[in-house]
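Each structure below is given as structure tokens.
Below are two complexes that have chain A in common, paired first with chain B and then with chain C.
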Partner chain A sequence: MANGGVIAPVGMNLVALAAQKHAVPFLAVGNIVRRVLHIIREEDLSLTTAAIGGLNLSAVSDDENDDDRDGDSTLSAAAVAAAARSTLRPPSLQTLLEDTPVSAAVPQTSSSGGDSEGKSKSADKSSRSRKLKHDVIEAVNELIQDIVTCHEQIAEQAVEHIHQNEVILTLGSSRTVLEFLFAAKEKKRSFRVFVAEGAPRYQGHLLAKELVARGLQTTLITDSAVFAMISRVNMVIVGAHAVMANGGVIAPVGMNLVALAAQKHAVPFVVLAGSHKLCPLYPHNPEVLLNELRSPSELLDFGEFSDCMDFGSGSGSPLLHVVNPAFDYVPPKLVSLFITDTGGHNPSYMYRLIADYYSADDLVVQRRATAGN
Partner chain B sequence: MSMSAYYQTRAAHHGVVTSDWLAQSQEAATRAVVTGGQEIVDGGKSGRAFSVIDEFNNWRKQPDLAEAVAAIRALAAVIRNSEAKTMMELEIELKKASDSLKSWDTTSISLTAGCDLFMRYVTRTSALEYEDFNSARSRLIERAEKFGEISYKARKIIAMLSQDFIFDGCTILVHGFSRVVMEVLKMAAQNKKLFRVLCTEGRPDRSGLRLANELAKLDVPVKLLIDSAVAYTMDEVDMVFVGADGVVESGGIINMMGTYQIALVAHSMNKPVYVAAESYKFARLYPLDQKDMGPALRPIDFGVPIPSKVEVETSARDYTPPQYLTLLFTDLGVLTPSVVSDELIQLYL
Partner chain C sequence: MQFDDQGRVNKSKKRAVFNQPEAKNRVELFRHLPQYEHGSQLTDLESKFLELDSMHPAVYKVGVQYLAGDVTGGNARCIAMLRAFQEVINDYSTPPGKTLVRDLTAKISSYVSFLIECRPLSMSMGNAIRFQKSRIAKLPLTLSETEAKAALCNDIDRFINEKIILADKVIVRHAATKVRDGDVLLTYGSSCVVEMILLYAHELGKQFRVVVVDSRPKHEGQALLRRLLAKGLSCTYTHINAVSYIMHEVTRVFLGASSVLSNGTTYSRVGTACVAMVAHAFRVPVLICCEAYKFHERVQLDSICSNELGDSNDIARVPGRPDVNSMDNRTNEKNLQFLNLMYDATPSEYVSMIITDYGMIPPTSVPVIVREYRREYLLI
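So, the complex of A and B:
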């Protein structure tokens, strides 16, 4: 498909660039590229279905007298529409036995149409591609709107989950969690928040400050104190960097610790994530497994440790290595609930959202030779 | 003791045959022919006796053909031989044939699932009132025949989906001879992946020996284990790959005896268990424990005579609950076990 062929290499370059920069969440970039490709495919298919429906009806009325002219056009309009709907939807048991998709039917109807229709077809094509572009741009704008407003939509659900006199635990700082807690405060819920500081970046400190500014009773703890304090907590609410297809979560480092503590003490572990964070990949995928390693300077002061980490002295390789991974993988069995802008979901339900938002063809985005650096 | 025809066929295709077993199976086969003759579905006024069971058995004999495909081909033959003039009549005939097939071998889950799937498809086709009967009928026959291709394509899709999960240097534990798993491993070997396979013997069929032979032909390093050695070797295993005789509504699987054991050990050691199964094996069953399913018995040859006082557990299959399975590779995609009931609900409601 011509349009997909233009977007895909651009998308691949974007993802490669993001992965290099490390500043941008690179998984989210890949997600958006795939979402746009899916939108293009959907709009194209729905336009084709509409076109076929129109053409077929006119063909039937014209060829009433010549029944046996085109044996293939026995495919009734209903069957074609059903086949088209099945290609728009992901594969399922219902469509297992059904026929090949709409694209096979297109050349047939164009051959069964008369000569007078041939000219109108070419005029149709350019207006059709204009309509396609218009539809795609509209859908992409909707997507942008969704991403921008996802925090509000998630925050709206705060009242259902946070009740009176509860104790909430969170780690690090996430804007979604912040808005979520604020929304509950607005609705006059009184609750306390334990904030784990989220070493080595200590973003929990910033979160604690903002919570206090809004009038929430906050307690700051170190990451190592999570197991000690978890028994006093009613619920854990955290944000995520990305959500995998199996319901696993890629989150800032330390999250797996919190999830394990929560499971041990039967505390619900709730993850807030906008639907643009939903990734169609599985955790075994190398793109996902490569954890980002940040600078050791966040852990150690170079001045004090310069002799331990000196490459010049002794054997050339220092005895002290500092590893500073940025992300953690939380397996799906530790997550109790996902709250997305479409509502609350079970981890085992995430595959459905993927089928809704992404096309199977885009899951393996090819690495072209031109994109290699 | 009545023998399960399904497991008998599987053993004939993939197992190691001993003379004792052969004698028993021949005796069972003669019994089956006698009862099969009573189930003839009359093809109508022509007086020609057409047996859907015979048709099914003919198709089933081909070792490469999936069970559900054989069932659907048999039902297609019913349509072809039928003299019905309306969809309702055709549907009734098909229902009768499908019921007789299912009752002839109650232990085969993919047979039941395949029949049900085809019946649902027929019902949906007949609901399209725009078409005339002959074109609908020819399309049904054509789709049924194409289903063999679908099943073959399904195996290829499953093999492609699972390639990502097999990384270089991994050790895979395999149980039983599944043609789908064989396809997965074959494709991985063709893609020049470096991996090692641990293969259980799979008593009493010993189908693991056959699998080991096939893998050795592909130059894949294989190690044979007796069934009891699974826990011993589990810590060097990276993942477990099994096929399925049937996938039940809870998301669990019914597979050759020993699968549940392996899944339990793998789960306790945090190893992923991957199931490769085509989507037409999804069945509307919900076993709550091992004894909930109808018995499928296979005679076991111990090599020495066993006194008649001693009972032998001859069940050929067990049920693995969904909490011990990690992912299902199907032609509908890579799914978590909870998807199965979703798909079945969409199909049946």
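So, the complex of A and C:
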């Protein structure tokens, strides 16, 4: 049964593959991998504590000491207490670094059940591993449900933030924002929306179409007009691609522009994000490292400028570079509020939520290619 | 003119030379500005070509050029208009029983209202017209008609030469001192003065890179990009949304202006304010390059009280994106409006320096120039 053992390598491969191919969104892939790992650890933990509570202890070492298992049913109370203490304590650095269990008799926190290498398991162990598997699968299903329904939970909070005759600005298109605004409309709030088109993907057009279909008064503007219009806007509501641990936001390109303009005019900048978008990483140089450059053909047609470029000149390097980044980083000081499915939060609070969803060991998803797994 | 005042709108419609249907879906905030359906204007005006006896063909030609968008940019529009007025003055003959001063002024006013119908005046044009009218009013009464006409044409030539062409040369000389080797210069849209600066600095042999930032719907930066590449400058092209991404590398920002107002606000192409704001956030100096004749004593705090609205179809339609363009037939939907602003107002705190033909001044010195040097107009 997997601890980090099976999931981590698979997960790491996924993340590496996603990052390599610049699949959007590679951050979310990493998040989900870490969530699943955390679920496994938690389930294991709760099973272990339940097992201790019922004195139904079986040695859950993941190494080759099968011999010791026969004597395990007769563990003394002292050993049980010691086991409980070590289970509930976070693993010591020594354990982590050496990557071996401290002793065969003590249940490991970071491992569960038997191994998958075909060694014989005792009946207790296999039933426990089956129960663990079952619990983990249930929890993962819950996670899937959470992700699918996060829009509704965020949209429920819409009436708390939108009042009558409000003017809202948004950029590009986000399903969360759409549901949010619909929910406010359902509750009979009347408001107007300015949608910035979000070039070069022009998702804003699609969002405007949806809003108009539901009867909302919408005005479509170009991204260059954001500064001109923001003085007449009450609130900016946008979606995010990922939320970093420091409260910064990775969002579609152009968002930093809107955030700066909103700060200048003291307009609240509200970011809607499901909790699965919270990433436990702190961003370093995010404009470059957490960004993706798309094809220049979205800005200029292929061959359009080939007639005025002299390839025979000097160094041979092309005179014309076309830059088309896909994402923007918005620093936490520009964000007024995060609205997630767990409620509204300050950007400075987001790092606390990490402890709820992620384990400290998984922050760097490593391949642990040791025999112990 | 206030377009939310129905009485005045009706009066101006009666005087109008050609028919302009008002846009059906008008943005409420901009009700005080004219919004027209752009589809049929040009064909309507062209069909009236032979009917307009009161219109001088040169002025008509300039009007059509404005309407079609062939002549854009403050300097180009101003020069085109003044040259048309020169032809008007040359062909002018005083009708019997009228004085030259009054009649010519009335004629010029009617031509100006025609040009306003084609496209609202830019501030540079407004200043040039005021100059023109003041010169006509100051004509000594002893002059004969031919002498008066020659004097007026001369004045126009001097205005164009001193205030625009020579001023540009002075600005270029000043600004080139601000370009150092290894610089990365950013510019937005297409300004003729900034283009001259970049080409001149390149000729001087300075090593620098240019970043051209562009935006919808006009993509004016592409024309500038073409001309820079042809001269061998190394350029980066990007969209205004990516300004935050590219601003890390930039050392200076050069922007053009349609006008600079007396509270230091720069009135220029929409998007300039965004670029200046991001540059300010990254502590990159912003230099506005603007001739002094474009300064105006008006003040403005935001981009809404006074602006120009373009064709809303330009926003609705995205060339080359059929998936997005399925929205196009929705321009008549009641709830959906498209807003195509042409100008915006950049606050003075984002501007480090304004380079004019009077030298390099901070934005706070603009009212000083407006007050002290306006007298110069009269002494020309």
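FYI, the second predicted complex is superposed on the first by the 276 of 373 C-alpha atoms of A that agree within 3 Å, B and C clash if a C-alpha of one lies under 4 Å from a C-alpha of the other, contacts with A are read in each partner's own complex, and residues count from 1 in each chain.
As a convention for this text, contacts are C-beta pairs under 8 Å (C-beta built on N, C-alpha and C of every residue); 3 or more make two chains touch, one makes a residue touch a chain.
Note that the structure is a prediction, hence the values are computed from the model and not measured.
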Check your understanding: Looking at the overlay, what does A:Ala360 touch: chain B (first), chain C (second), both, or neither?
Key -> first
Point to revise | Contact breadth on chain A, by residue count: chain C or chain B | key: C
Review point. After lining up the shared chain so the two structures overlap, which partner does A:Ile40 touch, if you call chain B first and chain C second: first, second, both or neither?
Key: neither
Review point. Of the partners chain B and chain C, which touch A:Leu257 in the superposed model: first, second, both, neither?
Key: second
Check your understanding: Looking at the overlay, does A:Arg352 come into contact with chain B only (first), chain C only (second), both, or neither?
Key -> first
Exercise for review: Check the residue A:Asn246 against both partner chains and state whether it touches chain B (first), chain C (second), both, or neither.
Suggested key: first
**Study point:** Partner chain A, residues of chain C touching it in the complex
**Key:** 27, 29, 214-217, 222, 225-226, 229-230, 232-246, 248, 270-271, 273-274, 277-278, 281, 302-304, 307, 315-316, 318, 320-321, 324, 327, 330, 333, 335-341, 344-345
Revision key, fill the gap. So, in the complex, the side of chain A touching chain B is made of residues 74, 76-79, 82, 90-94, 96-99, 245-247, 282, 284-285, 332, 346, 348-349, 351-352, 355, 360
Review point. Can you name the residues of chain A that touch chain C in the complex?
Key: 194, 197-200, 202, 205-206, 208-209, 212, 215-229, 231-232, 253-254, 256-257, 260-261, 264, 287, 291, 299-301, 305, 308-310, 313, 319-325, 328-329
Revision key, fill the gap. The chain B residues in contact with chain A across the complex are 117-118, 120-121, 124, 128, 130-131, 135, 143, 147, 150, 164-165, 167, 279-280, 282, 327, 331-339, 342-344, 346-347
